[in-house]
Amino acid sequence: MENLIALLVAAPLLGAAVLLCGGRRLDAVGHWIGVLMSTLSFVFAVILFADLLGKNAEHRTLIQHLWTWIPVESFQADVTFRLDQLSMTFVLLITGVGSLIHLYSVGYMEHDERRRRFFGYLNLFLAAMLLLVLADNYLLLYVGWEGVGLASYLLIGFWQHKPSAATAAKKAFLVNRVGDMGLSIAIMLMFTTFGTFAFGPVFSHAGDASEGKLTAIALMLLLAACGKSAQVPLQSWLGDAMEGPTPVSALIHAATMVTAGVYLIVRSAVIFNGAPDAQTAVVVVGAVTLLFGAIVGCAKDDIKKALAGSTMSQIGYMVLAAGLGPIGYVFAIMHLVTHGFFKAGLFLGAGSVMHGMNDEVDMRKYGGLRKYMPITFITFGLGYLAIIGFPFLSGFFSKDKIIEAAFAKGGTEGWILGTCALVGAAVTAFYMTRVMLMTFFGEERWKNRPTRSPEAPSAEPAAEHRGEHAEPHPHESPKVMTIPMIVLAFGSVFAGGLFSINNSFLHWLEPVTGHSEGDSPVSAGAVTGATMVCLVIGVGIAYAMYGRRPVPSVAPRGSLLTRAARRDLLQDDFNHVVLVRGGEHLTRSLVYVDHTLVDGVVNGTAASVGGLSGRMRRLQNGFARSYAVSMFGGAAIIVAATLLMRAV
Amino acid sequence: MSPLQLAAYSTSTGEAFQFWVLGTVAVIGALSTVFMKKAVHSALSLAGTMIVLAVFYLANGAYFLGIVQIVVYTGAIMMLFLFVVMLVGVTAADSLKETIKGQRWLALLCGLGFGILLLAGIGNASLKQFDGLAEANANGNVQGLAALIFTKYVFAFEITGALLITAAVGAMVLTHRERTERAKTQRELSEQRVREGKYVPPLPAPGVYARHNAVDIAGLLPDGTPSELTVSKTLRDRGQIRDVSAEALNDLRALEQRAQERLERTEIEPATFKREEASK
Amino acid sequence: MNPVNYLYLSALLFTIGATGVLIRRNAIVVFMCIELMLNACNLAFVTFSRMHGNLDGQVIAFFTMVVAAAEVVVGLAIIVSLFRSRHSASVDDASLMKL
Amino acid sequence: MSFPLLTATAVLPAIGAIATAAVPAARRTAAKWLALTVSLATLALAVTVLVRFDPDGGRYQLTESHAWIKDFGVRYELGVDGIAVALIALTALLIPFIILAGWHDADPLETGSRRWRPTQGFFALILGVEAMVIISFEATDVFLFYIFFEAMLIPMYFLIGGFGDRAHEHGEEAASTQRSYAAVKFLLYNLVGGLIMLAAVIGLYVVAGNFSLQEIAQARANGSLHMATSTERWLFLGFFFAFAVKAPLWPLHTWLPNAMQESTAPVAVLITAVVDKVGTFAMLRFCLQLFPEASKWATPVILVLALISIVYGALLAVGQRDIKRLVAYASISHFGFIIMGIFAMTSQGQSGATLYMVNHGISTAAWMLLAGFLISRRGSRLIADYGGVQKVAPVLAGTFLIGTLATLSLPGLAPFVSEFLVLVGTFTRYPAIGVIGTFGIVLAALYALVLYQRTMTGPVKPEVSAMPDLRARELVVVAPLIVLLIFLGVYPKPVTDIVNPAVKSTLSDVHKKDPKPEVEAVAK
């Protein structure tokens, strides 16, 4: 059974290779090859899952050693896969949601002439992501880690003729690289501490290492997680990443890749457990991001960017949970899975809306779409209810647990974190209701608007292929797109409940992550009640602001906070001024220094030697008598020297 | 100290007298070789110095060399020098004016320094031993030299012979000019002149009217200026053209003045006037 | 009188000759100065011969004369051909070696 | 006596060079094919060396030794260890691609140009360089090495100064002036380094009495040859300076951007992927083995310089406007990594550095040759003149992207393995330096992606709209390199197996052992 693990990765990898190297011949069937490969991988995953379920909890870890990768003395990196409960969960999520989104993309990308390449990239992403979660050592994980970064780069910049897309892709890669730096330093630290970076030996000996070393490793891992999961302070790339096609946003920037940071922290649970200071850092990052993302999400008018803010915020929840230690690991993963469903569903719904609205992304130009897109409305609505934590939908179970766990942390810390999480829940309810109201309810603001001038660049260039209309004709998307949305909606509704029956998810994951019940100062019921109150407040305010009053189709100026939030709380501006501008000045002055100083010293030496030679050359005046004087003088000096030497 | 040894250390008074007188002559000759303006004078001074040296050789017991010095050096080599001086003639290079900046001062400085060093070196050296040639010249100086040359130095001698021959051949090669192409006929030369647009007719003759017919005097152009074309190229190169134009004009003016005085004419000077015009 | 005086004279003549080489421009005179230097050397050799009581010095002086003769022949030939091509016997005119 | 395989490997391209040069002027194509055939035959010989080499055997294998200049103890001594074998294989591998990529670089220019472009000479010079580089890798006699280390400059000088890009924005005259400036700069820098090394070589002879690397190293190891500390340090500096110029290490690097900018892409590859490797290789073989104590003494300074090279090279690459200069500065950054790995004195660092030399050779070759193809299409080296090539020439852009990713050391491609090994190796002994070195990977991503973004993406510029995609010949050049990049990234074991024993003996020469981990997590 172990041998199947490699096939999980191999199938999409083969798909990517075939699609990318195959050339134009495969244009006609390329997308189906992509779907096939991803589904194949899903089938393998299901088989493996069934196999795992049939085993005892202690024997649910499968190891497949493929080959020795980098052997240099004590540095031994192997290509080895590990399939345990944690990675199985991820594999199912990735291949399942991935396959659905593949299917969806068949419809969404139908008119794009480079659809084959798109599917090649998607398959590449799947392979890298599976490698990430299946790796048995940190270095192999790093391969997957950067691999998903590459796929993300390629897909964000898929419409690379748009400079904004190319820039966003580059930005995503670079910010991720900063995080990757953290991961590679963490690996080096592990190597110097343990002499290895394979999961097994590291985790079993983590207790022997000093706390300082563990804290350092854990902080570096946190840096990596921040980069990949768009946590403060490395969150700036996620909003821009929405330049990519919407299925990409759904798959990579909502459901799977961005949650890799959470995976990393949970996977390294042993290390974090041994480093309380690092855990504090993790919860602080999680809490700050959860509020940060939520605030940003409230201010954005671009539907995808609003959802991106939401993603950031929800991952903040997960990171927060992961930082709580054994109390929270399982819930972090649980929220991750449920979030994978409903956020993917939300993004697909947003894609469907855009598909019907000529790729318009500004929610102020939507409104009243529920009549035109019933399926999209229903699936989106279910996702909406799930994310705000409507009782007995997926989000309710997972988010509630996290808030409980936050309180269970105990002490002042617990109160602060719990309050943050509650406030976050209220804000989530607010901005999601806002999205819902602006998109599907209210007056139809897309009608009778001034025609777009032909010179204006279209928001998404794919629109060119679909025909540019002055006024959109909203319509429901084709079946190939709606089916995945319906499936995901089912997931959004039932996954949480399913996981919570008998705490099945908890028991499933416990052998890997460990679990402990904290002693919460507040009873579970009270927390649920408080959450509900927050939910109602959030929805109510949103309804008051956007349901009762007409939404202006041009954004009002807004308060200082709103304006700041629209600009991602000025973090980008900070980056721009300090890093980009500063960097430009630095490189420019270095180029100058290189030319004038480093090169100048050498050139100056050369020039002065040249000048000296020029002077000396004048002595060669061609007159034999001059030369004779030199000879004669030289002879005189030699005689003098000889005499002197004899005298001495 | 035996008288014989003493004799080796000092020389007779006669020789001392001869040294001081002739030595002075030699130094003066050397100096005038260097400082005489004309090469001929230099050559003659050098010849004098060499004769003095020949006498010194004789005084030092080198009878053969003394004679050879007179015969070969003064007789042959110096004549060769004079011959070349005659061939080359007097040139502008004879001027003692220095053209290279600082050369003279440097040369004098070096010379002075070197001389002082040499003299100091000799003065410092412990030249106590003085054997004299009485023993070596016992069988005659020429025989003694011959014995050395044909035994100890025979290879050097042979090689020197080869050197001499090589030098003779070399000198011949250097001065001999082989014609590498057919000499142009007069016709071809004239055609070439026409082609090149050069001065086509025969060159004008030197000399001024019938008064100066020496070859170094340029003929006058109609306006009274001398034409360098009339003088041979060699003289031109040496800068040895005598300009008599002013003289002719002066003569003319004197003649006219005399005629004026005699005929009591008032002067009309069309010639001068025209000349001024032309010179503008 | 000490025969060392001949050596002083020789040194003096040599120096005068060398200075002459340096300050005269006429190639012929330069040559004469070189001859003067050679003769100065010869005088020294002859004197040394007398000091040491053997004839080797004289033999060397003899060779010097021969070599000087050869040198004069070639040197004068050079001067003559130089004069033919350049119409000058100035050593400064042959300054093509400069850059 | 057995067949002198090493001599044959070096002599074959040399003969090929003479034969190519002797092909009549009119038969250019024949000369090209001859050069290509010879380079392939050399590759076959190099593969034979690789196969005959036994990683677990003695340190130097396939040795040859003949007396050469008896009076000075100079011997014709050849021998290879694992490091040399890997680099010989790299050299022999890259030359056919360089020849193929430069197929038309030395064709006569269109009528009206006064410049003479001797096709035969171009290919003969390349083969000549190959011969000299290979023998430098093989030589175990210091003097023999020195001769070819220096002689290499002559053909390189003509390759840089004689053959430039076909088009130039400031016209032929300006191009010619800049080219000769670059060539002279290259020559002077390397000559100065070489002359200082010559002094050190002579000094070594005075101290040791012979030139044999093995004998001296052995004598030093068993204590029969004692060197005063200061003597050893001076000699070390003499050797190191030459290698640091060649490598090139900051601040001796400024010749490289000029040389790479002005030469054609294949020659630029020859410089950075092949010739410069002799410098880093020689640090490993000569500096460390002959002067172990001095090497350790100089390590802190060298590491800091290497670090500066890494960061400085990368930052300057970001600031470049010329594609080839950008690649050159990127190479400077990469050479910083190699030198850092060598002087970290750990097995990971040195194995990584050796691997880095191989991988950097391949990746830079791919990247630079593709950049060359791009430049030859548009006739400009300025980044600003490009844009949207991806749309017009997808295969070119795709392969260029892989080259870009290799440059920024993406895991899964060969350079990652070596870069990570170097960083880990450095980190285990010098954590701070390792961490700062890691910044290099962020900066690498910056310059590499900026180049890709500005040239390949964005709206299609009118000048590039008619750009043809990769031709068959060009694809033949690039595809094997890319396959190799991926293969060595996924399965570098064949190379590490060859290199590891050699690194182990080098480390034992300098009496260094890998630092022990804090916790013994792995059972021995």
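We just call them A, B, C and D in the order they show up, numbering each chain from 1.
What we mean here is this: contacts are C-beta pairs under 8 Å (C-beta built on N, C-alpha and C of every residue); 3 or more make two chains touch, one makes a residue touch a chain.
Fair warning: this is a prediction, and the values are worked out from it, not measured in the lab.
Of the two chain pairs considered here, B-C and A-B, the higher C-beta contact count falls to B-C.
Distance from the subunit B centre to the subunit C centre is 15 Å, each centre being the mean of its Cα atoms. Centre-to-centre, using mean CA coordinates, subunit A is 100 Å away from subunit B. Computed from the mean C-alpha positions, the centre of subunit B lies at a distance of 69 Å from the centre of subunit D.
Separation between the centroids of subunit A and subunit D, computed from CA atoms only, is 37 Å.
Multi-chain contact residues of subunit B, defined as those touching 2 or more other chains: 100, 103, 106-107, 110-111, 114, 118.
Annotation for subunit C: residues touching 2 or more other chains are 18, 22-23, 25, 91-92. Listed for subunit A are residues 621, 623, 625, 629, 632, each touching two or more other chains. Pairwise, the chains that touch each other are A-B, A-C, A-D, B-C.
Here subunit A touches subunit C in the complex through residues 617, 620-625, 628-629, 632, going by the rule given at the top. Taken in their complex, subunit B has these residues touching subunit C: 9-11, 13, 15-16, 19, 23, 26-27, 30-31, 33-34, 39, 42-43, 46, 49-50, 53, 56-57, 60-62, 64-65, 68-69, 72-73, 76-77, 80-81, 84-85, 87-88, 91-96, 98-100, 103-104, 106-108, 110-112, 114-115, 118-119, 122, 127, 129-133, 135-137, 141, 144-145, 148-149, 152-153, 156-157, 160, 163-164, 166-168, 170-172, 174-175, 177, 234, 237.
On the subunit C side of its complex with subunit B, the touching residues are 1-9, 11-20, 22-29, 31-33, 35-36, 39, 42-43, 46-47, 49-56, 58-59, 61-63, 65-74, 76-81, 83-84, 87-93. Contact residues of subunit C toward subunit A in the complex are 18, 21-23, 25, 91-92, 94-99. Looking at the complex, you find that subunit B touches subunit A at residues 100, 103, 106-107, 110-111, 113-114, 117-118, 120-121, 124.
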